[in-house]
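In the part that follows, the structures are each spelled out as C-alpha cells.
Shared between the two complexes below is chain A, which has chain B as its partner in the first and chain C in the second.
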Partner chain A sequence: MVTLIAKRFGFMVFTMIVVSLILFILLETDLTGDPAIRVLGQFSNEEQRELWREKHGYNQPMLLRYVKWLGNFATGDLGESIRFKGPVADVMLPRLWNTAILGFWTFAIMIPLSLTLGVLSGMKEGSKLDRSISVFGILTTSVPEFASAVIFSALFVFTLKWLPGTSSMSGGFEFKQLILPALVLIVYDFGYVARMTRASMAEVMTSQYIRTAILKGLPYKSVIVKHALRNALIAPFTVIMLQINWLLSGVIVVEFFFAYKGFGALILEASLNNDIALLEACAMVAVCVAVTTQTLADIGYTFLNPRIRFS
Partner chain B sequence: MNTDQEPILVCKDLCISYYTRAGEIPAVVDFSLTVLPGETIGIVGESGCGKSTVAMAIMQHMGANGGIKSGSITFKGRDLTQLSDDELRNIRGSEVAMIYQEPFASLNPSLKISTQLMEVPLAHEDISTEEARKRALQMLGDVKLPDPERIMEAYPHQLSGGQQQRVVIAMGLLSNPSLLLLDEPTTALDVTVEAGIVKLVADISKKYGTSQIYISHNLGLILETCDRVFVMYSGEVVEEGTINSLFTWPRHPYTHGLFACIPLPTADKHAAPLKPIRGQLPLPFERPQGCYYHPRCDHFKEGLCDVDHFKMEHVVDSAPDHRVRCLRYKEIDIRLQTGEGEKKEALELGERVLNVDKMKKYYEVRDNSLKALISGKRIRYVKANEELNFTAHEGETVAIVGESGCGKSTFAKVLMGLEKGTEGEVRHLGKDISDIAVRDRSPKEIASLQMVFQNPFDTLNPSHSIGGQISRVIKKFGVESDKAKIFNRVMKLLDIVKLPRDFYFRKPRQLSGGQKQRIGIARAFAGNPSMVIADEPVSALDVSVAAAVTELLMDIQREHKTTLLFISHDLSVVRYLSDRIVVMYLGHILERGTTEQIFAPPYQPYTEALLSAVPIADPEVTKREIVLEGNLPSAMKPPKGCPFCTRCHRRIGEICDNEPPPEQVVTDRHVIKCHISLEELKQVEHVIHVPDEAERLHARQSQ
Partner chain C sequence: MTTSITEMPKAGYGAAFIRGLKSFALLRESWVGMVGAFLVLFWVLVALFAPLLAPFDPNSSIQPFAKPGMEAIKTGGTFWLGTDHIGRDILSRIIWGSRTVLIYAPLATICAYTVGILMGLAAGYRGGWVDDVLSRIADIILSFPVLVLYIIIIATIGASGFNIIIAITFASSPGIMRIVRGLVLDLRNRDYVAAAQTRGESDWRVMLVEILPNARGPLIVDACLRLGYVIITIGVLGFLGLGLPPPDPDWGGMVNETRQMAMAFPHMTLFPCIAISSLILGFNLLADGLREISLRD
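On to the complex of A and B.
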C-alpha cells in the first residue's frame, strides 16, 4: 500500500514536470512566436521589446530560464497578470474558490441523485422504473450545456421570473444566483453517472454471490445494501473522481453563459487576452487537479476492492 | 431409513417452463420425487437435462422468465409454489440451503467470511452477534477448516478453492437445514480436494441427519454419495432407483448408454472401447414424439416408441422403488450387450519421438512490496517445472497427470514454444526445442507438434467460417498451396473427424461443444503432426460427447501413428487411454511408468492418494480410502525436501521435510521418487479392487 502511494505520488510529480516543460516550450520560447510580441502586442517596436526581454530575463539561456521559472512556480510566485494588473495568485485563487463552490453544490446534488437512481434502475433490469430512468438519463445527457442553459433561462428567468439570469455575484455571494449554473451541470452530468451506476449494479445483481445472498434467506434490503451496493459502487467511484476534472475546466460554457466568475471563465479570458502568466498558472492548476484526482481514484479503488488490497 | 417417516420434500408431477420470445420452452416435464429425512438423492444427467432447473425450482428462484406450469413442490407439508416472498425467505437458508458449483463466484468478494457466515443465523434466528460468531467459528471447525479464527477474518480470494467450498458448506449448514441442495459441488475442484469434500458431505448428513439432493454429471460421485438416484434426460426422469439396483441393473437404454461412455477401471481401450451415444441431445422445442430418447436409442421400435409420451413404470423384478420410463425394458437384456463393442488393435511402438532430459522451467516474479525492496529480495522464482525426465515413442499415448498448479500446462507451453525452458533439453525428433520460441520455428516444425485445447468454446474465432479457419492452417503449414487442393484437404479432415462436409461453411456459433472440439482436432491434425498435445481435451464436454471425442482422437492416432501427450487430471480417462503415465506434483515428476505399473503397487504415496480419489461408477469395485489433508503448497515456497511431504499420509520423518527424495528405479522406465524403500512400498495393497467377472453380482445371479 505504501509503495503504491509512493509510486503514484512519484508519477504525479513526473507528469507535472513534463507538462510544465511542454507549457514552457509552447509559451515562453520563440517556438510559437516571440513572447515579447505576445505580451506587448504586434504594434510595439523592437526597442520596447528588447527592454521588456531584458527586464524579464528573456535573454538568459533557456535551461536556466526554465529552472528559474519552475522554481518561482514551486515557491508560489506565479508571475504578474497583464490583463488584471496584479499577481496571478490574487486573481486566480478567488476564481478557483468560486468554481469549487459551484462544483461542490453540483456534486452534492448530482452524486446522491445519480447513484440512487442508477442503483434503483440496476436493481431490476428491464423494469418500468429502470426504463424510465434510463430514457430520462439519455435525454438529459444528450442535450448539450449551451442548449440546456438557454432552455432553463427561458423557463426560470424569462417566463417564471424565479431566478436571476446572471450569476456574476456583483453584490456579494448570493445562493440564488448559483442555482441555474448548478442545475445545468447537474442535468448534463447526472445521466452519465447514473448510467454507469446502473450498468455496474445490473452486473452485480446477476452475479452468483447475489443469488447466494438471496437463497440464504436474507431480507431483500439487506441483499441490496450489504451485498450489492459495495461491489456496484466500485466502478462509479472512478467515474465520479474523473468528473472533478470536468467540473474544473469543462464548465467554461456554463460559467460564461451565466457570467459566473469562475475558473473556466478565467481560462477563457486569459487565453483571449494572451495573458501568458495567468494561462500558465491555470494550466498547471488544472493538470495538478487532474493528476491528483486520478491518484485518489486509484488509491480509493484499491481500498474499495479487497481483492487488490490484499494480494 | 424408515419409510413410514413423513417425507421432507415431495415434488409431484412437476412441469417447469421458461417463457421466451420464441415461446414457451418446457425445461422439466413430469418430475416426481420424494425425499425422506436423512436420505441423499442423486440427480444425474448431461448439461441441459434440467437437473439444475429442478434445484432452482425447489428454492423457488427461477428468474423472471421461468415458472412452474403445473404440479406441486411440498416441503414439510407446505406447498412452496404457493408461499409469499416473506414465507419463502424464512425457509431459504434456514430450512433449505444450497451449495453451488463455483465456490468463488458464490461468495461476495468484498465481504469478510465472518460477515457472510454470521448473517445467516442473524437473519433467521433471534440471537446476538457474539452467539452468531461462536456458531460460525464452531461450524468452520466442523467442516474441518484449520485455524477458523483466521478464516473468519479472511476475504474469499485469500482462500483456496477447497477452502472456499468448505466455507460455502458451512454457510449452508449454519441454520441446521433439513434439506441441502448440492449443485455440482465439486466440479470446479481438484480430485484430491473433491475426495475431501465428498467425505465431508457424507459425514455431515450422518451427523446432522440432513437430507440432501446431490446434482452431478459424474456417475461415480453419485455412487459414492447417494442412497437413491434419478437419471434425467432432456427434461424428464428416465430411470430412478436405489444405488444398488440402478448401478447393478440399469434398465433404461440411456442409463446404459451413460455407463458405456465412462471408462471403468476394468476397461481396456483396445479390447473394449468406449461406446458413445450417437446423435445429440434434442433442444427443448425440438423434442421428438413419444420417448425423447428414441432417435438415439439402439432398441427403437417404430410405431411403439415414437407414438405417445408415457409415464414411469415400476421395474417388475427389481427393488420396489426402481422405476423406468421405457416400454421395451423387459425385452432388452442389457447384460448381454456389455463387452460387445468392436475390438481395436493395439499399435506397435515406433521410434523415440520425444525425449525430455532434466528440463526445468522457473518463472521470475518481481515482488514490489516495501519489505522486499528493503531486504533486497525483489526477484523470486516460481519453480513450475523441476528436472523433468521422460520419453515418448511413436504411436504412444503418454499421460501427464496432476492437480491444478502441478506444472503440467507449463510443460505443454515449453513444448509448444510459448515459453522457454530454463535449463535442460526437450528433444523432439532429435532436435532440442526447449528454447526455440514458436515464432522462430519453421512451419514444418510447428505443424509436426500441435495442440488440442481444453476449452473448445473459446479456441475458435467466432467471426470466421470453419472451412476458412482450417484452410488457413493448411496454407500456413505449407501442406498445400493450391486452392482446390486445400479445399480437398479440408474435406478430408472433416471426414476424419466425422463431421458433415457442409460444416465448411458454418460459423463456430452454429456448432455444439463436441463438434467444436472435433474442429479443434481437425485443426491440430491439419499438418500431419508427429506429436499432438491434448490439454484436458474432453473435460469441458458432457459424458456422452466426451466418449465420442476420446474415441475419435484415438482412432486418428491409430491411423496416423501420432504420439499423443495427454494432459489430464481425470485418472479414469487416463487409465483408459494411455500407455504410459507421468504423475506430477508441484513441478516434480513423482512417479512414471506404464499404466499397469502406475495402477499397481509399489505406489508413490501421492499416486496412491490420487487413485483413491477417483470416483468409480461401479458399486462392486472397492477402494481403500485415503483423504489428503491440507492444501497444495505455494510454488513460490515449495517444501525443502520432498514436495509432497506436507500432505503425505506415509511421511516417515524429518528426512521427508529436509532432503529431496531419490529416484528409485523399480523396473526399466518405472521410476518412483520417494524416501520410503521400494521393498516397503511393494508391501502396500492395491488401492482399487476390481472383482473378477466370476465374482460379479450378475454373473452369480445368472448361475
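On to the complex of A and C.
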C-alpha cells in the first residue's frame, strides 16, 4: 500500500513536470510562433518586440528560462497578468473559489441522483425501468452543455421567467443565479456516472454470493442494501473522482455562457487575450487538480477494494 | 503511416466488412439503434443534398431579425426557422452546417483512430519499453482536462479546420490507444496469431491482418460514441469562438454569434442546438444499439 502511494505520487510529480515542459514549449518558445508577437499583436514593430523580449528575459537561453520559470512557479510567483494588470495569483484565487462553489453544488446533487438511478437500473438488468433510465441517460449526454444551456434558458428564463439568464453575481452572491449553470452541468454528466454505476451493480447482481443470499431467503431489500451496494459502489467512486477532470472542461462552457466569474471563464479569457502568464498558471492549476484527483481515485480504489489492498 | 492502411490485403478485411454489414442488418432488432441509424442517415442525406434542400444562400444577408415562418419580402420564399442578426436564413445555415460537421468530425475521428490504433497495436503487441513509453505518454495527455488541452492547442496553433483535426487527434488518440492495447493483450496469445508468427509473417502484418480485424467489435461501438463526442467538441470549440473561421456555417459558431441576442430572439440559438443535439443523439443511440447486438452473440 505504501509503495503504491509513493509510486502514484512519484508519477504525479513526473506528470506535472512534463506538463510544465509542454506548456513552456508551446507558449514560451518560438516553436509555435514568436511570443512577442503573440503578446504585442501583429502590428507591433520589431523594436517594440525587442524591448519586450529584453524586459521579460526572452533573450536568455531556453533551458535557463525554463528552470527560472519553473522555480518561480514552485515558489508561488506566477507572474503578472497582462489582461487584468496585476499578479496572476490575485486574479486566479477568487475565480477558483467561485468555481469550487459551482462544482460543489453540481456534485452535491449529481452524485446522489446518478448513484440512485444507476443502482435502480442495475438491480434488474434489461427491465423496463433499466431501459428507460439508460435511454434517458443517452439523451441527456447527447446534448452538449452549450445546447442545454440554450434550451434551459429558453425554457426557464424566456418562457417561464423563473430564473435569471446570467450568473455574473454583480450584486453579490445569489443562489438563484447558480441554479442554471449547475443544472446544465448535472444534466450533461449524470448519465455517464449512472451508466457506470449500473454496469458495476449489474455485475455484482450476477455474482455467486448475491445468488446465495437470495436463495437462502433473505428479503430482497436487505440483499441489495447489505450485500450488493457495498461492492457495487466501489467502481463508481473512481468514476466520480475522475468526473472532476471532466468538470474542469464543463465549467469553461457553462461559465462562458452564463457570464459566471469562475476559473473556466478565466482560462478562456486568458487564451483569447493571449495572456500567457495567466494561461500558463490556469493550465498548471487545472492539470494539477486533475492529476491529484486521479491519484486520489487510484489510491482510494485500492483502499476500498480489499481484494487489491491485501494482495 | 496511412499507406500501411491502404496497402492492407483485402481478404481479412473483406470478410470483416461483410460481417460488419450483417451486424448492421441485425440493428433492426434494436429500436434504439434504429432510431439512431435513422437520425444519422437523415443528417447524412441533408449534408449530401444541401444545395438542393437549402432555400437560401447560407452566407448572404437577406432580411435581419426575421421570426420563424416570416415571408422574405425582397426575394420571396419563407424563412421557416427565421433569420439571424445579419439576415442570413437559419434553416439554410443549419443545412449547410451539417456538411461542415459531417466532414470534419469523421475526418478527425479517422485520424485519431489511425494514430490510436497504430500506437495501441505497437504497445500491446511489442510490450516492454515500447509499451511503457507509449502508455506513459498516453497517461500524461489524458491527465489534461480535455477542453483545457484544446484551448491551449488552438491558442498556440490558431483556429482552422486543419488545426481542429490535429487537436482532436492529439487529444483523443491516447484513449483509443488504451482500448486497442487492452484488446491486443487479450488477442495476441491466440492460436491464429501464433500460426501467423510461425509462418514467418512480419510483426506489422500480424498486427494489422490477424489481430486488428478481430478487435473490431468494441472498436466500432467506441468509434460511434467517439464520433458523437468529436461532434460535441467541434460544436463547443465553435461556441467558444475557437472553431472554424466565419462566415461558413458551423452549428457551434452560429450559437456563439447570436447568443447575445438570445434574450429577444431565442430561435437564433435554439435551432442550431437542436440540430447538433439530434446528430449526436443519433450516433450515441447507434452505438448503444450496436453494443446491445454485440453482447447478444
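Assume the second predicted complex is superposed on the first by the 310 of 311 C-alpha atoms of A that agree within 3 Å, B and C clash if a C-alpha of one lies under 4 Å from a C-alpha of the other, contacts with A are read in each partner's own complex, and residues count from 1 in each chain.
Assume a residue touches a chain if its C-beta (ideal position, glycine included) is under 8 Å from a C-beta of that chain, and two chains touch if they have at least 3 such contacts.
Not measured: the values here are computed from a predicted model.
Chemist: Specify the outcome, clash or fit, for chain B and chain C once both structures are aligned onto chain A.
Modeler: With chain A aligned, chain B clears chain C, so fit.
Chemist: In this superposed model, does chain C or chain B come into contact with more residues of chain A?
Modeler: Of chain B and chain C, more residues of chain A lie in contact with C.
Chemist: Return first, second, both or neither, reflecting whether A:268 touches chain B, chain C, both chains, or no partner chain.
Modeler: A:268 contacts chain C only, not chain B.
Chemist: Once the structures are superposed on A, label A:218 by its partner contacts, choosing first (chain B), second (chain C), both or neither.
Modeler: first
Chemist: Check whether A:279 is in contact with chain B, with chain C, with both or with neither, and answer first, second, both or neither.
Modeler: second
Chemist: Name the contact category of A:45: first (chain B only), second (chain C only), both, or neither.
Modeler: A:45: touches no partner chain.
Chemist: State whether A:19 touches chain B only (first), chain C only (second), both chains, or neither.
Modeler: second
Chemist: Could you say whether A:75 touches chain B, chain C, both of them, or neither, answering first, second, both or neither?
Modeler: The answer is neither, since A:75 touches no partner chain.
Chemist: Contact-wise, after the overlay, does A:252 reach chain B, chain C, both or neither (first, second, both, neither)?
Modeler: second
Chemist: Quick check: superposed on A, how many Å separate the nearest Cα atoms of chain B and chain C?
Modeler: 5
Chemist: For chain A, give the residues common to its interface with chain B and its interface with chain C.
Modeler: No residue sits in both footprints.
Chemist: How about chain A: which of its residues touch chain B in the complex?
Modeler: 2-3, 126, 207-209, 211-220, 222, 226-227, 230-231, 234, 304-307, 310-311
Chemist: Could you list, by residue number, the parts of chain C that touch chain A in their complex?
Modeler: It comes out as residues 32, 139-140, 143-148, 151-157, 228, 232, 235-236, 239-242, 252, 255, 259, 262-263, 266, 269-270, 273-274, 276-277, 280-281, 284-285, 288.
Chemist: Given the complex with chain A, which residues does chain B contribute to the contact?
Modeler: It comes out as residues 59, 61, 64, 85, 89-94, 97-98, 100, 102, 105-111, 115, 119-120, 123-124, 155, 157-158, 168, 171, 368-370, 373.
Chemist: In the complex formed with chain C, which residues of chain A make contact?
Modeler: Where chain A meets chain C, its residues are 11, 15, 18-19, 23, 26-27, 32-33, 134-135, 138-139, 141-147, 150-151, 153-154, 157-158, 165, 245-246, 248-250, 252-253, 256-257, 267-268, 271-272, 274, 279, 282-283, 286-287, 290-291, 294.
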